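As written, the chains take the letters A, B and C, and residue 1 is the first residue of each chain.
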Amino acid sequence: MSNSFFQKDIVSVRDFDKQKFETVFQATDKIIGMNQNERREIVRGKTLGYLFFEPSTRTRLSFEAAMASIGGTSLGIADASSSSAKKGESLADTVKIMSLYSDVLVLRHQLDGSSRFAAEISEKPLINAGSGTEEHPTQAILDLYTIRKEKKKIDGLKVGIVGDLKYGRTVYSLLYALSNYNVDVKLISPPSLKIRADSTYEIRKKLQYTETSDLEENLDDLDVIYVTRIQKERFADIEEYVKVRGSYKIGPELVNKIKDDAIIMHPLPRLDEISPEIDSTKQAKYFKQAQYGKDTRAALLALILNENGI
Amino acid sequence: MSNSFFQKDIVSVRDFDKQKFETVFQATDKIIGMNQNERREIVRGKTLGYLFFEPSTRTRLSFEAAMASIGGTSLGIADASSSSAKKGESLADTVKIMSLYSDVLVLRHQLDGSSRFAAEISEKPLINAGSGTEEHPTQAILDLYTIRKEKKKIDGLKVGIVGDLKYGRTVYSLLYALSNYNVDVKLISPPSLKIRADSTYEIRKKLQYTETSDLEENLDDLDVIYVTRIQKERFADIEEYVKVRGSYKIGPELVNKIKDDAIIMHPLPRLDEISPEIDSTKQAKYFKQAQYGKDTRAALLALILNENGI
Amino acid sequence: MSNSFFQKDIVSVRDFDKQKFETVFQATDKIIGMNQNERREIVRGKTLGYLFFEPSTRTRLSFEAAMASIGGTSLGIADASSSSAKKGESLADTVKIMSLYSDVLVLRHQLDGSSRFAAEISEKPLINAGSGTEEHPTQAILDLYTIRKEKKKIDGLKVGIVGDLKYGRTVYSLLYALSNYNVDVKLISPPSLKIRADSTYEIRKKLQYTETSDLEENLDDLDVIYVTRIQKERFADIEEYVKVRGSYKIGPELVNKIKDDAIIMHPLPRLDEISPEIDSTKQAKYFKQAQYGKDTRAALLALILNENGI
């Protein structure tokens, strides 16, 4: 019997339930436990094709590294919007042809719905590597995996999500993912960067969360502190930005207030939301998170490309 | 005994005869019939080096995908004319060094003759991926293969070539290729985009063709309808362009006039010469053609790199 | 017992002694002697991550080709300073994450000390592919290997280094490398492009060299003539540049004055410091040198990634 991901698209985190997450997590555990001689055979001879209409070096390299770590090859267009391949060609044609050149397609696109549309066109399974304002399913998977791996569980945890919650698809995907678990979520942000009510309608049906703008007061009982970047461009007033940035920064004083076994996460790249001195604390897990990003993507690729899974 | 392509350059479609085409076609059939475990061993450990002085994402990716599908690796310069590697370095030096880094070289260059020149410099066999105004031998190979595969033969067919026949090396390479076969060719284009007489002197010795500007009247007995892009830049007068574009567009009405077992081809990317509604007709073969592009290139690479062929 | 390079950084040519050079040379000889079936297994399944903050297509492709020739994969950022990955991210974070995605890191950076700093951050061994004004250790290795291979020895040779000795890290790295041997060095340059005294303080302790500005007078007893590019940008006065360029050019007349068994080297790319007519002389070794660049880098990668060496 085929594994349930075989030849399937990964379009939205909303298509996942606990069982599906667990399948990817177990495949990831297995891959991490393998030696390189086994790992390099998993998808040997298979090709990942990527199409990034919105350039993202980090996400692209994570996929390329994942594919390489299990023996596969990557090729594609790192900046499809400016590529000569574009020249007025439709998204549909670009997707179609890229899918003829590869065994699995990875798409990043600025528009909501682009990924669902492309998956219908593609001759091969398609993975959404970020689309529109809400969807980044592989980021959600790696976030959950990091929590599960480092905290040994997800249910029962208190999770704080800090920073710019209004923009950034990472936060919405994570909330959708967390809504499958029994977690207590605190959203901590400047008032102007609060989560968008219209985008959380579905989430609220399944997930309880509270909102606050005070970081320091809300740190002490969190098990997971998920920090996001606050981008200057979001502020009309630079002074407002400077003030906000200061109060949502994790520095040595704040780390003293968090639980001993809490974990600090960040989707990276960071600017100065977390000071480098924190890197050496036992709570800092954001680099592990980046590494798990590679591993979970490798697991997903293996499941999609191999009938018998890993 | 070595296969006849072993360690040989592919510079011009004029160097091909029926026998050579047939060798590549049979190798392509073989590769398509192989399972992945066999295919990925064909050129494992070998490296393709590409030099695109005229960027062409589509052609480059087709070669990369071909090389990956038979187990090889690709590297090179996607935009050699703007590359830092250029810095006033001669074409000869760039070719020479790239050929020291790889087992086979793939060159795209805007100048006629560039490929022949580079092949003499290169330490390794060189494949012309498009040069000057007339030569694109691997495109001609994939075009012929598509006809042979989808129509089961080439001799005896009526082939219409539609659109901009003046510019675009694809058309000239295809005509040279077809001149090896017993085909009846109709060239259908706006008067201002007729084929260049000076470039078809050699072709006319071997190939009969008729010229017309009326698409609709000439569709009904064609076996192959090869559509090319009509580019706005070719027209001084935008109104002339709009008029011309309209009359050389394959839409649902025109498809009703073509033979049931005709095939529609296009080198892609397309703009609106073929409307997307045509994609689902049984005559539409342009996406298959793109896929055969990968397969024929893989076959060619295999023949060039392996003494015993495939 | 592990080979002495296993999992070690290659940061500076100053960390090398005769013994270490010899280890790389012997590994290179071995790799060159292997057939492809053996070679492609050496680092199969392993990944090289590159970060070029200063773009260098040539050096990057040499590393990619080296990695591919021994069965490995490369990925990374070809222009890290303009990459979206940059976006204000620190060098430390970029290096850290790239090192989580790969088994060995290759860094090119404009700042002195960048490589030492990055090696401390990196989770994986790091190879300096050029940093600041003085360090380019893999270039020095390939230069020495070329001399040893083509002259059968290094000790006892008379080595002339010609051209722009003031700028260009290649020259400094080569001098450091040569200071481990018993060689007689002549530095031949326009007065305005003489070697920097402050950068050769350490070198002078171990290496004797003489300086001159007359190329023609000093050619006849050299065993190695190492030519470097003279860049226009270095001159305030264009006439001064034209004059200088002319007098440091190796053309047919000058070649007649060199020893029959001398070798001419150049780090490439060249502009017109060596005229193309020289390429076919038996003394011209700069293309072999480029090829040895790939081979020595492959050897180094093999030593770093395989506990038992090659």
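Heads up, the rule we're going with is that contacts are C-beta pairs under 8 Å (C-beta built on N, C-alpha and C of every residue); 3 or more make two chains touch, one makes a residue touch a chain.
None of the values given here were measured: they were computed from a predicted structure.
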Pairwise touch network: line, ring, star, complete, or other: complete
Turn needed to bring subunit A onto subunit C - CA fit, degrees, nearest 5: 120
Centre-to-centre distance between subunit B and subunit A (centres being mean Cα positions), rounded to whole Å: 40
Residues of subunit A touching at least two other chains: 73
Subunit A partner contacts - residues on subunit B that touch it in the complex: 36-37, 39-40, 55-58, 61-62, 64-65, 68-69, 71, 73-74, 268-271, 276, 287, 290-291, 294
Subunit A - residues contacting subunit B, complex: 44-47, 49, 73, 75-77, 83-85, 87-90, 92-94, 96-98, 100-102
